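Paired with chain B in one complex and with chain C in the other, chain A is shared by the two complexes that follow.
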Partner chain A sequence: MVRFLQACADGLLTGALYALIGMGLALIFGVMRIVNFAHGAFLMVGMYATYVLFDSFKLNPYIGFLPAGVVLFIFGYLVYLLLIRPVRNRSHFMQILMTTGIGLILTDGAQLIFKADYRQTNIDLINRSVHIGPFGANAAEVLSFAIGIVFVVGLYFFVSRSLTGQALRAISQSPDVAPLMGINLTRIQGFSFALGTALAGVAGGLLLPRLYLFPGVGEDYTTKAFVMVVLGGMGSIEGAALGGLVLGLSESLTSLYIGNQWALIVDFVLFLLVLSFKPSGMFGRQRA
Partner chain B sequence: MRFKTIAVFGILSLCSLIPAWGQGTTKIGVITSLTGSQAAFGEAHKNGYAIALDEINAKGGVLGKKVELDFYDDQSKPDQAVQGVSKLVDQDQVPVLLGSYSSESTKAIIGAVTQRETPLIIPTATADNVMDSKSPWVFRVCAGANDYAKATIAFLKANGAPKKMAIVYENTNFGQSNMKAMTAAAKEAGIELVAVESYEAKSPDYKAVLQRVKQANPDVIYYCSYLLDATTLMRQTREVDLNPKYYTSAGTGFAAAEFPTEKGAGKNADFTFSVSQWLPEAKWAGSKEFDAEYFKRFNSHPQYHAMQAYAALRVAAAAINNAKSLEPAKIRDAIKNINLTTTPFGPIKFENGQNQHPVLITQVQNGQYKVVFPADVAQAKPVIPAPVWSKR
Partner chain C sequence: MSYLKSWKFWVFLAVVLIWARMPWFIQNNYQLQVLFRITLFAALGLAWNLVGGYAGQLSLGHVAFFGVGAYGLALFVQLGIPVWVSLFLAAAVATLFAAIIGAIAFRLRGPYFTLATIAFGEVLRLVATNLNVTGGAIGLSMPGLFVGRTFWRSYYLAATALVAIAFLTNYWTSRSRFGYYLMAIREDEDTASAVGINTALCKLQSLLMSAFLTALAGALYGSAFQFIVPDSILPLDISIQIAIITMLGGAGTLLGPIVGAVLLLSASEAFKNQFKESHLLIYGVLIVLVVLFLPEGIVGGLQHRFRKRNKPPADAKPQPALGGAAQ
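Here is the complex of A and B:
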């Protein structure tokens, strides 16, 4: 029982970061109907931004992820204006080509600038653990989790309560009618693309202390983000967050009871099952 | 007019197909992982090759011409390594190939080099299945997974003879091959395998895997991991408070220069054992000089991966000189008959394509690799059992 609960806790610790990644992708998909294949690459850029701040300015990654998020927000906005906006009304195929291309350029660009060396931030926190009764957790992971949850909840309230959030949802419900109601389509789409990118960047920054960094690090997360978005119901932001937590849990429990090599397989089996039998998502919600 | 243009282009393009002619150099093809997850080892390869190259060229090169290395980066991916064979052999027409780094990529190119009848010298791939094909074009300089397992078992027998072992391996050709070799060796030695766990690299969380191992309560863990995961594994071994008496490993990540430093696992690396194929302190003549030259150039001490690349290039150059030809078949025959008695990597001679190379056991003590086995070359006594995490 202790092992089960410990594995659940470990799964949720990872799951909160997955949730951030998934929400970013869901936001972009929900508002723009663009399948963003560069999402993992944005995460990688966020990791490098945090890493550079750590390496050059000795800024702790747990502070550095914030400026990294801001940088990614601006970067995402520019990417939207220059590259995504021209294809927003084109076929899905064009959009997929565009985002895949952006992802490849970012990954190879990082390789050009930073070489393929793996890097890590050996901060003090990573070697400490927190113990509560029979349970233990890495201090850095707990901190990443806590910050991640703050962002997840914050984003949820932002989207559901604020005026901009309402505009986001209006566009996602009806991209044709919303502009007629006085919503600036370009501004809101640019904002949500930038915000989605920033979320990937923040998640990257929070992931950095507990993982290695190399240019290809984001690749797996693009696919995982798709799984989360599908689990949660396509385009549903809170659904993607739950999808992230479910994915973290399922990976951890699969590793404990079946074996780590099955974790990814279980991810994708879940993905296929939900797509085939409950395409509106595991939680049966409508999109945001 | 048109015909002339075509003729000129034709001749020009034909010229570009003729390699090295009139350029005064001999090209040797190298496939390694300069980028991607195994770039740290590709870098070591490149450095080792560079030292061998300068040494060979200082002595007049091969067949009176300077040697030039033609690198192909496989990006740590097997399919790219296969592309490398076709680029280097079909297009650049190199007469001999060295590489790749990982067992995965190396296994992938065996068929391609055999089909093209070009000799391949393998510097670092330890998975024994790279030699399974019995291809007459394939030669391996390093010792393999079976040698690793046997050396580790011999060391354990001589140092307390533990009874229960767990294997934690990365789910790749390298990991699987070492797991299989150790499974067989442990059975033969009467050691019970209480857990055999595989994992996927790049995952941030191996704790569930280590929990399973902890449940089985082994005396020894045998890790088969690259560097990315070795660091995380040791940190999380500490976190789940898993305390075997021995942390042994199939080299690689656990034998990388960065592993016991702050850039790698740092203090968590202390007391881990690893197999090793070479260290700067090895008894073979030239080891210290290689270390000194390496340190001078790259400001770090080499691990065995760099030395194996160095040795592979030395073999290739010697074989071309012995063959007195750049014909792949003649070079192949020369490699078969090669007998280098004194290299910094020890004597090199191939039997059925395999160089018989002894395996050492090292332990990280105070952040330094120390040879602890076999006793006649040991620099330090092994510390057994490793202190439990709460007492460190």
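Here is the complex of A and C:
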């Protein structure tokens, strides 16, 4: 029982960061109906940005993730203007190809600049742990969980309360009518693409201390982000956050009972089951 | 024997014969191997074209059939079945996989379909990495279809034969009733369904044909390189490459996949020495450029321009093949 609860706790700790990644993807899909196949690559760029800050300025990744997020926001906005906006009225086919191409350029560009070496940030925090009763957790994971939750909750309130958030939701509900109501489509779409990218970058920065960094590190996260977003119902931001938690839990429990290497397979099977039996998502309302 | 009178048939035959005689001019094994890869990917592009081009379904999971073809060949030979029989058994198994994948994935549309095909490919890669029978991450050694001094030349000829078969399949599709059904589905699936086309069945048929050819190519590829591991024979990258080759040349055109394979593989070969592991960078850049400036691909764009010049637009507005199709 203790092992089960421990696995659940571990799953939730990871799940909060997953939620951040999934929410970024859901935001982009909701507002633009574009499936961003470059999401994991943006996460990877966020990790490298945080790493460079750590490597050259000795900036702790738990502070460095913020400037990395800002850099990714600007980068995402530029990508939107130059590459995504020209295809926003094209078929899904073309949009998927476009984001796939962006992902390849980022991943192989990182390979060109940083080579394929595995890198790591050694910070003191990663070797400490926190104990509550019989449960233990890595201090770094607890810290990134806390920061992740702040972002998740902040984003939720931003989208549901603020004026920009209302504009985002208006466009995702009706991309044809919203611009007639005086909402600037390009600005809002650019903003949400940039914000989604920044969230991936922030999540990358927060994941950095726990992972080995290499150019292909983001690939699994693109597919994982899809799993979360589909679990939660495509385009639903709250759903994606819940999907992230579910994914964290299912991976952690799979590792405990079946084996670590099967975790990703269980993700995909879950994904295919939801796609075939309830495409609107586990928590989603009917869309699409 | 009416086709003997058609000039197209003789051109086709001449091109196949010239292509097949290329090893006369090239003796170097490395160059032959590059030529083999170009030919094989042309066949893969043509196979993908049936689903991605004519039916307009963006599959990014074709590596599943490619990998099942290769693994199937190795495993059937291990069971003591003759190698050439195993080749076709493997392709049959891949077709069965296609039936299962299609039955689930074709219920979904647009991005959901693409996501499902990616998921199937990735599941197979991960399963192959974790099972003992497939050799896990260590992989399997492949039985040779050809042996001896003319090794690469034989593989090259086999790939050429496969391109010829795939081309004829595409040719037949492009002017059969079945092919018109597929194109109708590509342009507007709801309307196609409303006028009485069994869209689910047509899409599935195109996938089955495509998977059979893709599996043959996968078995040939694995056997030529003698050893397979999940990351070399089942990566998502191969699915993407196949799609890009076809899109660059022109999806839904007969010559597009061949033009795309020649251009893209020679470009990536040329950049390989310069960029080392980053040779996919050129793919990324090309995808972005094609999507932005050449959405119908090279052959598709040329055809479009040529038709416009010959036939001034009367009442019909020109329909771009894929790029402009509304969502």
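We adopt the following convention: the second predicted complex is superposed on the first by the 283 of 288 C-alpha atoms of A that agree within 3 Å, B and C clash if a C-alpha of one lies under 4 Å from a C-alpha of the other, contacts with A are read in each partner's own complex, and residues count from 1 in each chain.
The criterion applied here is as follows: a residue touches a chain if its C-beta (ideal position, glycine included) is under 8 Å from a C-beta of that chain, and two chains touch if they have at least 3 such contacts.
The shown structure was predicted, so the numbers you read here are calculated from the model rather than taken from an experiment.
Peer 1: Please determine, from the superposition on chain A, whether chain B and chain C clash or fit.
Peer 2: Aligned on chain A, chain C clashes with chain B.
Peer 1: Using the superposition on chain A described above, determine whether A:Gln261 touches chain B (first), chain C (second), both, or neither.
Peer 2: both
Peer 1: Tell me the contact category for A:Val130 with respect to chain B and chain C: first, second, both or neither.
Peer 2: neither
Peer 1: Based on the superposed arrangement, let me know which partner A:Asn122 touches: chain B (first), chain C (second), both, or neither?
Peer 2: First partner only.
Peer 1: Applying the document's definition of touch, where does A:Leu211 land relative to chain B and chain C: first, second, both, or neither?
Peer 2: first
Peer 1: Between chain B (first) and chain C (second), which does A:Leu104 come into contact with in this model arrangement: first, second, both, or neither?
Peer 2: Second partner only, chain C.
Peer 1: In the superposed arrangement, does A:Ile74 touch chain B (first), chain C (second), both or neither?
Peer 2: neither
Peer 1: Scan A:Ala7 for contacts with chain B and chain C and give back first, second, both or neither.
Peer 2: After superposing on A, A:Ala7 lies in contact with chain B but is clear of chain C.
Peer 1: In the overlay, answer first, second, both or neither for which of chain B and chain C A:Arg33 touches.
Peer 2: The answer is second: A:Arg33 touches chain C but not chain B.
Peer 1: Answer with first, second, both or neither: which of chain B and chain C does A:Ser276 touch in the superposed model?
Peer 2: The answer is second: A:Ser276 touches chain C but not chain B.
Peer 1: Run through 204-212, 222-230, 258-266 or 294-302 for chain C and report the one that clashes with chain B in the overlay.
Peer 2: Comparing the options 204-212, 222-230, 258-266 or 294-302, the clashing one for chain C against chain B is 222-230.
Peer 1: With the touch criterion stated at the top, can you tell me which chain A residues are shared between the chain B interface and the chain C interface?
Peer 2: 111, 116, 261, 264.
Peer 1: Which part of chain A faces chain C closely enough to touch in the complex?
Peer 2: Residue list for chain A touching chain C: 33, 35, 83, 86-87, 90-94, 96-98, 100-109, 111-112, 116, 219, 223, 226, 230, 234, 261-262, 264-265, 268-269, 271-272, 275-276, 279, 288.
Peer 1: Provide the residue numbers of chain A that touch chain B in the complex, in ascending order.
Peer 2: It is residues 3, 6-7, 10, 13-14, 111, 115-118, 120, 122, 126-127, 129, 136-138, 207, 210-212, 214-217, 220, 251-256, 259-261, 263-264 of chain A that touch chain B.
Peer 1: How about chain C: which of its residues touch chain A in the complex?
Peer 2: 56, 58, 60, 104, 107-108, 110-112, 114-116, 118-120, 122-123, 126-127, 129-130, 236, 240, 243-244, 247, 275, 277-281, 283-288, 290-292, 295, 322-327
Peer 1: Which positions of chain B touch chain A when the two form their complex?
Peer 2: Against chain A, chain B makes touches at 34-37, 39-40, 43, 75-76, 171, 197-200, 202-209, 211-212, 215, 227-228, 231-232, 235-236, 238-241, 262-263, 266-268.
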